[in-house]
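What follows is a group of structures, each given as C-alpha cells.
Both complexes below contain chain A, partnered by chain B and then by chain C.
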Partner chain A sequence: MIQTMLSLVLRAVVVLVGSALVTFVLLWNAPGDPAMAIAMARFNAVVPAEVVDQVRAEAGLDAGFWPAFKAWIGPLLVGDFGRSSVTGREVWPDLVTAVGYTYPLAFLALFWGLAIALPLAILAASRPGSVLDRVCVAMASTGAAMPAFWLGLLLILLFAVKLAWLPAMGARTASHIVLPALTLALGVAASLTRIIRSGILEARDQNFLPALQRRGVANSAIERDHVAPHAAIPVVTVFGLELAFLLEGLVMVEVIFGRPGLGGFLVNAIDARDFPKVQAVVLLTAIVFVAINFAVDIFYKLLDPRMEDRDA
Partner chain B sequence: MTLSVSGLNVERKGRVILAPTSLSIAPRARIGLVGASGSGKSTLGHALIDALRAQGVVVAHVPQSPDEALDPLRTMAFHWREAEKALCMGHNPARRKALFSALGIAYGNLTKRPWGWSRGMQQRFVIAMALIGAPALIVLDEPTSALDPVVAADTMDLLDNFLTGQDTAMVLVTHDLGLASRRVERLWVMSEGYLVEEATTEDILTRPTTEAAAKLAAHKSWLTVPC
Partner chain C sequence: MRSIGILCAVFVSLALLGPVFAPYDPTAINIPNRLSPPSAQWPLGTDALGRDILSRLLHGASWSLGLAFVVSLIGCVIGTFVGLVAALGGKTTDWALMRATDTFLSFPELVAAVVIAGILGAGTGTLIFALCATSWMRYARVARGIGLSLKSRGYVIQAKLVGLSPIAIARWHYLPALLPSLTVVWTGMLARAILGISALGFLGFGVQPPMPEWGTMLLDARIHMRSTPLQMVWPGLAVAISVLAINLCGDVLRDRISADER
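On to the complex of A and B.
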C-alpha cells in the first residue's frame, strides 16, 4: 500500500514538473518577443522600447530561461500561483472563478453523455446486427466524427437562432449551460456508446455463461452479476481517456459559446504570453489528469481483483 | 424412478447434429457416453439435460474445465450461494460442509476467487456445486480432461464414493474409454449424430457389434490410462 502511494506521488511529480517545463519551453520559444506581447496586452497599444524593457525586467524575462523558470516554479512549490504579468492581479482567484464555470460544464457533459450512451448501448447490444443496432452504431460513428466546434454551431443555429428556445452566448443564467453541455455530451456519448456496446457483447460471449444457464441461474441474474461487471472493465479505462478528450473539447466549446471559463482564460493568457496564467491552467489540468488516472486505477482494481494479484 | 426421454433431436442449418434418440436411465445408473470428437456426445448430453429439466427433473451439469463453470471476478462463496438460489434453496452451511468433505475439498478460503484455488480444487468445487440439489442425474462432460492424471483419478474416486450412497444417476461424457471402463457399467456409443450402440461396458469392449464401437474398443490405449 505504502509502495503504491509512493509510486503514485512519484508519478505525479514527474508529470507535473514535466508538463510545467514543457509549457515553459514552448512559451519561451514561441515566435515574437514575450515582453512585447505582455506590454501590448497591458497597455492595449503599441508601446515604446523602454516600456518593453521595463516589462521584461519586471516579468523576470531578462535573466534567461533557467532563472525565469526557477523564479516562477519556486513560489509554486508552496502553493503560490503568482501574479499575472499583464494585470498584476493574483492568478489564483481568477483561476478559481474560471474553474467555477468550467468544471460544472464538464461534469454535466460527462453525466449527460453517460446518460445518453448507456441506454443506447444496452439497446444496441440487446440485438447485435439488427437494424436498431446498426442505427445506434451509425449514430455513434457520425457523432464521433463530428468536431465539437461544428456541432456547437449547428446546435446554436437550431436551438438559439431558429427555435429561440435556449440562449447561445455567455453564462448569465443556468439555461446558458445547456447548449455547450449538450455539444460536449454528444461527443462523449458517441464514443462511450461504442465502447459500452462492445463491452457488453464481449462480456456476453464469455465461455462460462452457458454453464451458469445450465446451472439454472436466471438470465437477469447473469446479466447483473456476470455480464455487467465484465463489461464495466473496458468502460472504466476509456472513461479516463474520455475525460482527457473532454478537457480538450472544453476549451473550444467555451470559446464558441463565449463562456468565461478556463478556455477563454487560457486563450487570452497565451495571446498575452501571460506565463503565470498559462502555467496555472496547465498545472491544474495536469493535477486533474493525475487524479483521474489514480481514481481509474483504484476503480479498476475494485472491478477486477486479478489486477491487484498481478501487482503484488 | 427411471428417467426417460424420447425424440431428442438437434438440427442446425438443416444438418443433423443429433438423430432422433430415446433414452432411459435407471436410478443409480452409471453410464458412459462415448464416441469420437464431433460425434455428438456433448450435444446429446445437453439435449438430455434440457429434456429432463422440461419434465421437472433436477439435473446437474459439470463442464469440461472449471474455466467454463466459474466467473473469475466472483468469489467461491458467491458461486455457491448463486447455485443454491438457482435451485430455490436457502443457504445451508452444513450441506456445504458435507459436500466439501465428501469431495475432499479443504474448507478453503471461500472469499477467494477461482484463480486463488488450484484447478483440481476448482473442478471438485464445481462438482460439489452440481450436487447441491441432490439431482436425479449428473451429467459430467469430460470432467477430468483438464486435470493431471493423479488429481483426475482422485476426483473421480471421491465422486464414485459419494454417489454410492445416493440415488443420483451419472452420465459421463468422454472420448476416453479407459476412464469409462473403470467408472461406468453401461456405454452409449455415438457416431456422427447417431446413438449406434448401447450395451454393458464389458460387452462393448469385448464384443462390439458396430464399427464405431469396434474402432473405440480397438484403441488399446485405454488399458494403460491411469484413471
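On to the complex of A and C.
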C-alpha cells in the first residue's frame, strides 16, 4: 500500500512538472510579439518601440527559452503566481476571487446533478426494459448530447427572457446562481443517470444474490449491503471524468452567464494575452485535476481491493 | 439497429452533400431582409446580415462534421502510434510515453483546447491542432493495453520466430485486434470533437466568420436572442442531433463487440 502510494505521488509530481513545461512551451510559441501585445493591452494605444522593449525586459521575455522557463517556474514552486502583465496587479488575489465564484457553482451543480440522477436511475433500474426505463435512458442520452452552452442559452431564453423569473447575467444576488447551476446540473445528471443505472443492474446480476435470497435474507438488506456498494464503484471511477466534464462546462457556462469566475477569468486573460493569468489558471486546473485523480485512485483501492491499477 | 444505420447515412450524406441542397449562397448578404422569420422563401429565416439560415446550416455541416471527422482521425492515428510504441518499446520508453499521456490527460480537454487555440490565434488550422493535441491520449491508453496483452500471446511470438516482418505482424495480428476497441473510442471522440468545435467556435476561437460553422452561428445568433429567439435554436439542435446519433451508433457498436467477445 505504501509503495503504491509512493508511486502515485511520484507520478503526480512528474505530471505536474510536465504540465508546467507544456504550458510554457505553448506560451513561448505564441505568435506575434507578446511584449507588443502586452504593451498595447496595458496602455490601450499604439506604443513606441522603447516602451515595448521595456515591457519585454520586465516580463523576462528577452532571455532564451531555458532561462525564461527557470525564471518562470522558480516563483511558481513557492506558490508565487506573479503579476498580471496587463494590469500589473498580483494574479493570486484575483484568482482567489474568481475561484470564489466558481466553486459554489461547481458544488451546487454536482449536488443537484446527483439529486436528479439518483432517483431517475433507481426508477429506471427498478424495471429494466419498461417504458419508464426507456424514457429515463432516452432523456439521459439527449442531455448528454446537448452542448452545455446551448442548454444555457435555452434556459436563459425560457426563464430570463420569456418568463422573467430568474436573472441571467452576472452574479450580484444569490438567485443569479440558479440558472448556471441548473445548466451544469442537467449535464452532470445526464451522464450520471446512465452510469448509476447500469451500475445497479450489474450489481443485481451478481450470482450469489439468489442464494442469499433463498437463505431468507431480506431484500432490503441485500440492496443495502450487496447492491448499493457494488453500484457505487463505477460512480467513483468516473468521478474524475465527471469533474473534467464539469470544469469544461464551467468555462462555457460562466462565459454565457457573465459570471466573474474562473471561466471568464481565463477567456478574458487569453483575449488580453495576459500570460501570467493564463498560466495560473492552467496550472491550477492541472493541480486540482491531479489531486482529484489521486484521491480517486486511493479511494478506489480501498473500495475494491481486488482491482489492479486503474490504467497501468 | 437499422434505423440508427439510416440516421448515420443521413448525416454522412448531409456533411458531404449539404452544400448541394442549400438553396442560397451561405455568405450572400441581404440587409433589407435581415432577421426575417421563417417563411416559404427562407424556411428557417435569415440572420442579422440577411443570410439564409437553412443554407448556412447545410454548409455548416461540412465544417462542423467534416472537421470533427478529420480531428478524430488524426487523434486516432497519433494515439495508436504512441500506444503501440509504448507497449512494444522498452520499459523506459513505456514509462516516458505513459507519463506524457498522463500529463496531457491532466487538463480537461476543452479547457486545454481553448487555451491552445486562444494563445496560438483563432483559425481553422489552430482549431485542428488544438483538438488533436488534446484528444490522442485515450487511443494511446487503449492501444497500449491491447499491445501489451498481444505481445505475450503465443501466435504473435510464433509469428516473430517464423520470421514474419514487423509490418506483417502489425497488419495481420495487431490491427484486427485493435480495430474494434479503437472504433468504439473513435465514435466517442468524434462526438466530443463536434462539441469541441462548436464550443470553440462559440467562444470565437474556432472557425472564423463568415464561414457558417454551427458554433460560430450560435455566437452570431446570441446577440439577437430577444428579437429572433428561433435563430439560436437551429445550430444548437444540429449539434445535439449529430452528437446523439453518433453516441447511439457507439452504444450499438460497443454492445456488438462485447457480444462477440463473449
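Basically, the second predicted complex is superposed on the first by the 302 of 312 C-alpha atoms of A that agree within 3 Å, B and C clash if a C-alpha of one lies under 4 Å from a C-alpha of the other, contacts with A are read in each partner's own complex, and residues count from 1 in each chain.
We adopt the following convention: a contact is a pair of C-beta atoms (placed from the backbone, for glycine too) under 8 Å apart; a residue touches a chain by one contact, two chains touch by 3 or more.
Since the model is a prediction, treat every value here as computed from it, not as a measurement.
Peer 1: Given the superposition on chain A, are chain B and chain C in a clash or a fit?
Peer 2: fit
Peer 1: With both complexes superposed on chain A, which partner does A:208 reach: first (chain B), second (chain C), both or neither?
Peer 2: A:208 sits against chain B, while chain C stays out of touch.
Peer 1: Contacts for A:78 in the overlay, against chain B (first) and chain C (second): which applies, first, second, both or neither?
Peer 2: A:78: touches no partner chain.
Peer 1: Counting residues of chain A in contact, which comes out ahead: chain B or chain C?
Peer 2: C
Peer 1: Quick one: classify A:285 as touching chain B (first), chain C (second), both or neither.
Peer 2: second
Peer 1: Quick one: classify A:5 as touching chain B (first), chain C (second), both or neither.
Peer 2: So A:5 meets neither chain B nor chain C here.
Peer 1: Angle chain B-chain A-chain C between C-alpha centres, in steps of 10 degrees?
Peer 2: Placing chain A at the corner, the angle measures out to 90 degrees.
Peer 1: Considering only touches as defined above, state whether A:229 meets chain B (first), chain C (second), both or neither.
Peer 2: First partner only, chain B.
Peer 1: Taking the superposition as given, does A:131 touch the first partner, chain B, the second, chain C, both, or neither?
Peer 2: Neither chain B nor chain C is touched by A:131.
Peer 1: Would you sort A:27 into first (chain B), second (chain C), both or neither based on which partner it touches?
Peer 2: Once the two structures are laid over each other on A, A:27 reaches chain C alone.
Peer 1: Working from the superposed arrangement, determine the closest approach of chain B to chain C, counting only CA atoms, in whole Å.
Peer 2: Result, nearest C-alpha distance in the overlay: 20 Å.
Peer 1: If you look only at chain C, which of its residues touch chain A in the complex?
Peer 2: Going by the criterion above, the answer is residues 98-100, 102-104, 106-112, 114-116, 118-121, 141, 191, 195, 198-199, 202-203, 205, 218, 222, 225-226, 229, 232-233, 235-236, 239-241, 243-244, 247-248.
Peer 1: Touching chain A in the complex: which residues of chain B?
Peer 2: Checking each residue of chain B against chain A gives 46, 49, 60-61, 63, 67-74, 78, 82-83, 85-87, 113, 115-116, 129-130.
Peer 1: In the complex, go through chain A and note every residue touching chain B.
Peer 2: Touching chain B: residues 206-208, 210-212, 214-218, 221, 225-226, 229-230, 303-306, 309 of chain A.
Peer 1: In the complex of these two chains, what residues of chain A are touching chain C?
Peer 2: My answer: residues 11, 14-16, 18-19, 22-23, 26-27, 29-32, 141-142, 144-147, 149-150, 153-154, 156-157, 161, 244-245, 247-248, 251-252, 255, 266-267, 270-271, 273, 278, 282, 285-286, 289-290, 293, 311-312.
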